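As written, the chains take the letters A, B, C and D, and residue 1 is the first residue of each chain.
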Amino acid sequence: MLEAQSLFSFYGKSPIIQDVSFRIAPGSFTSVLGRNGVGKTTLLRTIMGLTDGIGGRLFFNGTDLGRTRTYARGPMGIGYIPQGREIIPRFTVRENIVMGTYARPDRKRDIPDYIFELFPILREFLHRRGGDLSGGQQQQLAIARALAMDPKLLLLDEPTEGIQPNIVRQIEDVILKLNRELGITVVLVEQNVHFARRASDQFIVLDKGRVALTGSGEELSDEIADKHLTF
Amino acid sequence: MNRSFAFDCIGYGLFAVLILLVVPWALDFDGFELNTFARYLALGMVAMALALSWGCAGILNLGQAATFGIGAYVMAMHLKLRASENMPGGMPDFMGWTNVESLPWFWEPFHSLSITIAAGFLIPALVAAVMGTFMFRGRITGVFVAIITLAFLVAIQLVFIEEQRYTGGQNGLTGLAPLQLFGWTADNYSLDFYYFVAGCLIVALMLGIGLVRSKVGLVLRAIKEDPDRVRFFGYDVARYETLAFCASAAIAGWAGMLYVLVLEFASPTYMGVSFSLAIVIWCAVGGRESLVAAAMGGIIVNMLEGRLSDVFVDGWTLFLGAAFILVVLLMPRGLFGLFQMALARTQVLCRGMRGDSGVLGKSTTAIVTHTHDDGRR
Amino acid sequence: MAQLELKQLVAQFGGVFAVNKLDLSIRQGELRCLLGPNGAGKSTTLDLICGKTPPTGGQIVFDGRDITNLAEFRRARAGIGRKFQTPSVFKELSVIENLELARSREPGVLASLRVFRTRVTGRLREVLELVSLQDDIHTRAGNLSHGQMQWLEIAMLLVQDANLLLFDEPTAGMTIQETHRTGEIFNSLKGSHTMIVVEHDMSFVRQIAETVTVMHQGSLLAEGCIEEVESDPGVREAYLGDGGRDHA
Amino acid sequence: MASILLMVALGLAIIYGAMGVINLAHGEFVMLGAYSAWLLQTYFGFSILVSLPLVFLMVALAGLAVERGVVRWLYHRPLDTILATWGIGIVLQQLVRMGVGSDSRYVGRPTILDGNVAIGGVVMSNYRIFLIFFSIAVLAGTWYLLTRTEFGTKLRAVIQNKEISECYGIRAEHVYALTFAYGAGLAGIAGALVTPLISVTPSMGTYLVVDAFLVVIVGGVGSLLGTAVASGLVGEATAFFSFLFNDTLGRVAVLLSIILLIRFRPQGLFPDKVRR
């Protein structure tokens, strides 16, 4: 579904992602792990076309993303949930979710019902401003926004960072459900090894912009975690 | 600070030779032409003054014409008093028409030439100091500086037009006496006078260059790039910015004084929004990062204006506007940037032909990429 | 005698406590590593010390003087130097110009009006050699490699003659060799300079660390030598997410 | 005049709020609007009211051309937009001067709005009352466009977070271009409506733009309410100070107060107050 061949990605002249290759199968769950500042976020931003330039090749369902503008990538079915959630603070919850539908190729503007079944709290707060929600609620909103576009692939950047533990579990369950029950392909950037291990079909460990290690979910041992993720 | 010093010196030297020797010769020492060119020089001087604050420190002052105008009026007041010596009470003619009883107190000091000249520098500088302290202490930057200075300019111009009794209003100050300096009477159509203006420009340039080449210039360039970082090295950023602003104002005032000598009248249009933005245009066309280039910009644009407006009476402004848009879009560093790029290219070519790779070759490639970068930004 | 002391320091941004009642005390000449997961408040702590962010509560004492409310350029003059996360050298200036700028013992306008040339002698030469930039003094800083820019910024702090150096991820973007060399530079500065280093690269931390402090959600989580801290269960949990839960 | 100022400032505020572009050519859009109205009346006999939609379209197209041709290259260089749009202003002025000539033109007031009304002892012309209501209608319409339509939602999304908006399929470039055109169109309408009050000259826009700009800054970037209140306030303050001193010094006093305000409240009177 998503394939990178010797991918480089630049901010200015400095290559943040260097020579990264991977292949992500439809319906799979991939975790991208690594310490702070190794390029995990940049990798997702590269997939969305938000870096200054790329080298190598990047394909989504056979389309060369190197030739696709950012605004055209959403409608192809890539839903991005950025780090820090980045919901629109002055928009109401409803407007935020509707914004997701702008990326629908079929131009429908109604919000699928299952979103509110997943996040009942959002139905309750439909007319509150996004900026007034708590961190956990904002995260739910960010996911809901991405779901409103009916994505085939979800890119999640540290969705549980800075969120109260009880909601973390809830969000993790939703992400799992989206993958297992709705068949949405998931790429998850995460620091929490336990969730990555529980959920992933495959994992990629990045170090200094390069792939340090890959493997299947079960292979994600404590040793690897200690070596690449602690500190 | 050292590398391009020789290169720059050649540039300044060429400029001095150009305006001191080549221009008078090319103009056949014709009094009228020399006067016209002296006018360009004075305008080049304001452009250079703007480069001091805009190019060096990144302070876009859209009100540069205010300080220029103040300088102009200061000089005009002195000359007007000279011309009015035989009038009743020594009062300028327009005051008589508007029923002013006696010479207002703030006109009195301008009987003295030395006070006038000092005031021509100091009043603009003082105004700039107040404005600068006011803005920069509050960490006002970028667009807001532009807006504040623009609003200030409009306010000043309105006052000068309104207070017709003291300033001659819309008409400005006309019918001025020639300047008498150390027994020398300035005949503004003479060669001496041209050299006087040219000399002033060169001295002003040298002072400006001294400022830019000193550590102050370095700090200012750093402030332009990242003011916060400069603060963390212990510099009082607001004070440096104010200094640049003042120096720029003082030179603009100086240019204003010369301009009055050349044209023999002062008018509130000197403080107009259009004139002020025109200064910005000259500076941008020449290249705001170099004082000499900015001065050249002022001279070249005005020269073209003088020549082309004879040929295409109306089309000229159109041409100016279009040229300006193109300059902003395509060469944000002005003619100077273009020149630098060309120079760097030729250097690479020469090195390439001599087959000289290695360290030197590497450093020139670095220059080339640098200019490219700026071109895109 | 502590050179720098943070007492119950608080920084709050719109309801979120970036730094929450932090106590920290650092000796003259000590090198302290500051660790912690994303958002633990490490960079904010440095911001508070150098004056980039005003604290909402608490006190900062430097050399026995309360600097909590001092303007940033006055703190710099008092001897606090800061290196930012992304290298913030002046890219438009050459290496030597950057250093001249950093050499700010007389930061007044009048003093600066008298300086026209930079002589590469004495301390400046030493520092240049320390960071191996002596052959590139006229290179525009923007054309240096990423690692060299980081070194240039370190060099700038050194010529600034700051007593307390604050480093935010000094080795980010460096190659392994460059990182190692940076570690050597840091080690050579121990004793003469007080340093606080925020860093994620553990091999680098091991190379330089004496005492490490671990922060989590704005507060102090653990403090001690590196082995102690590494085996601290609280630290492991903070880093690896909600660790106990899955096994329970 | 406050109502004209409001319409000019509104267009400017939208352009500045959305893209951070200081559009010094805005005054020339006003001027283009005025000339379009004159053109339509002189050659086709349209009354101003009839020609408003046409004027809006014509000036909006001019705005679109300017955005596509020049401004879009400068979004990351806000100071340079000041310079470039000034250049555009010069060009537009000169083109009109060459095309139509530089003498003043006059446009008649729509006959249905002739006459005066006395309200509480103050006599106001029908036309001015119409202007006040019309400008309020324009304000309401703009508010509706921004908050209740899909285009408005997209615009607000782009203003607040361009990157994420693009990730959700919004073409920021299109949004910018249309916004610029809309702002220009509003200026055009203002220009058409001002024609019965002042004479039409190529340079009529220059002094309006400075005032309108100050209004935008005073009102606070991105706040329609702020712009509305500020244009009322600047209008009133000018009248008040003019009453105290005289017209010119009144204007000077307003300018100086605005300078003070910018210095101490650069965010304007009604800044966005939502935490992120």
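The criterion applied here is as follows: a residue touches a chain if its C-beta (ideal position, glycine included) is under 8 Å from a C-beta of that chain, and two chains touch if they have at least 3 such contacts.
Just so it is clear, the model here is predicted, and its values are computed rather than measured.
Student: Note down the smallest number of touching-chain steps it takes to go from subunit A to subunit B.
Tutor: Step count on the best path from subunit A to subunit B: 2.
Student: Quick check: more C-beta contact pairs in A-D or B-C?
Tutor: Result of the comparison of A-D and B-C: B-C.
Student: Among the chains, which one keeps its Cα centre farthest from the Cα centre of subunit D?
Tutor: C
Student: Centroid of subunit A to centroid of subunit D, CA atoms only: how many Å?
Tutor: 42
Student: When the C-alpha atoms of subunit C and subunit D are each averaged to a single point, how far apart are the two points in Å?
Tutor: 49
Student: Just curious, how far off is subunit C from subunit B if you go by their C-alpha centres, in Å?
Tutor: Those two chain centres are 43 Å apart.
Student: Can you compute the centre-to-centre distance for subunit B and subunit D, using the mean CA position of each chain? Integer Å is fine.
Tutor: Their C-alpha centroids are separated by 32 Å.
Student: Going by the contact rule already set, what residues in subunit D reach two or more other chains?
Tutor: Subunit D, residues with two or more chain partners: 275.
Student: Would you tell me which residues of subunit B are touching subunit D in their complex?
Tutor: Listed in rising order, the residues are 60, 62, 134-135, 138, 140, 142-144, 146-148, 150-152, 154-155, 158-159, 161-162, 273-274, 277, 280-281, 284, 314-315, 317-318, 320-322, 324-325, 328-329, 332, 377.
Student: Which residues, counting only subunit A, touch subunit D once they are in their complex?
Tutor: 48, 50, 69-75, 80, 82, 86, 88-91, 95, 98-100, 102-104, 109, 129, 131-132, 145, 149
Student: Per the contact definition, I'd like the list of subunit C residues that touch subunit B in the complex.
Tutor: Against subunit B, the touching part of subunit C is residues 50-52, 71-74, 76-77, 81-82, 84, 88, 90-94, 96-97, 100-102, 104, 107-109, 111-118, 138-140, 142-143, 156, 160.
Student: Would you tell me which residues of subunit D are touching subunit B in their complex?
Tutor: So the residues of subunit D in touch with subunit B come to 20, 22, 24, 70, 73-74, 76-80, 82-84, 86-91, 93-95, 97-98, 206-207, 210, 213-214, 217, 246, 248-249, 251-252, 255-256, 258-259, 262-264, 266.
Student: Of all residues in subunit B, which touch subunit C in the complex?
Tutor: Of all residues in subunit B, those touching subunit C are 1-3, 211, 213-216, 218-219, 221-222, 224-226, 228-237, 239-240, 243, 363, 366, 369-370, 373.
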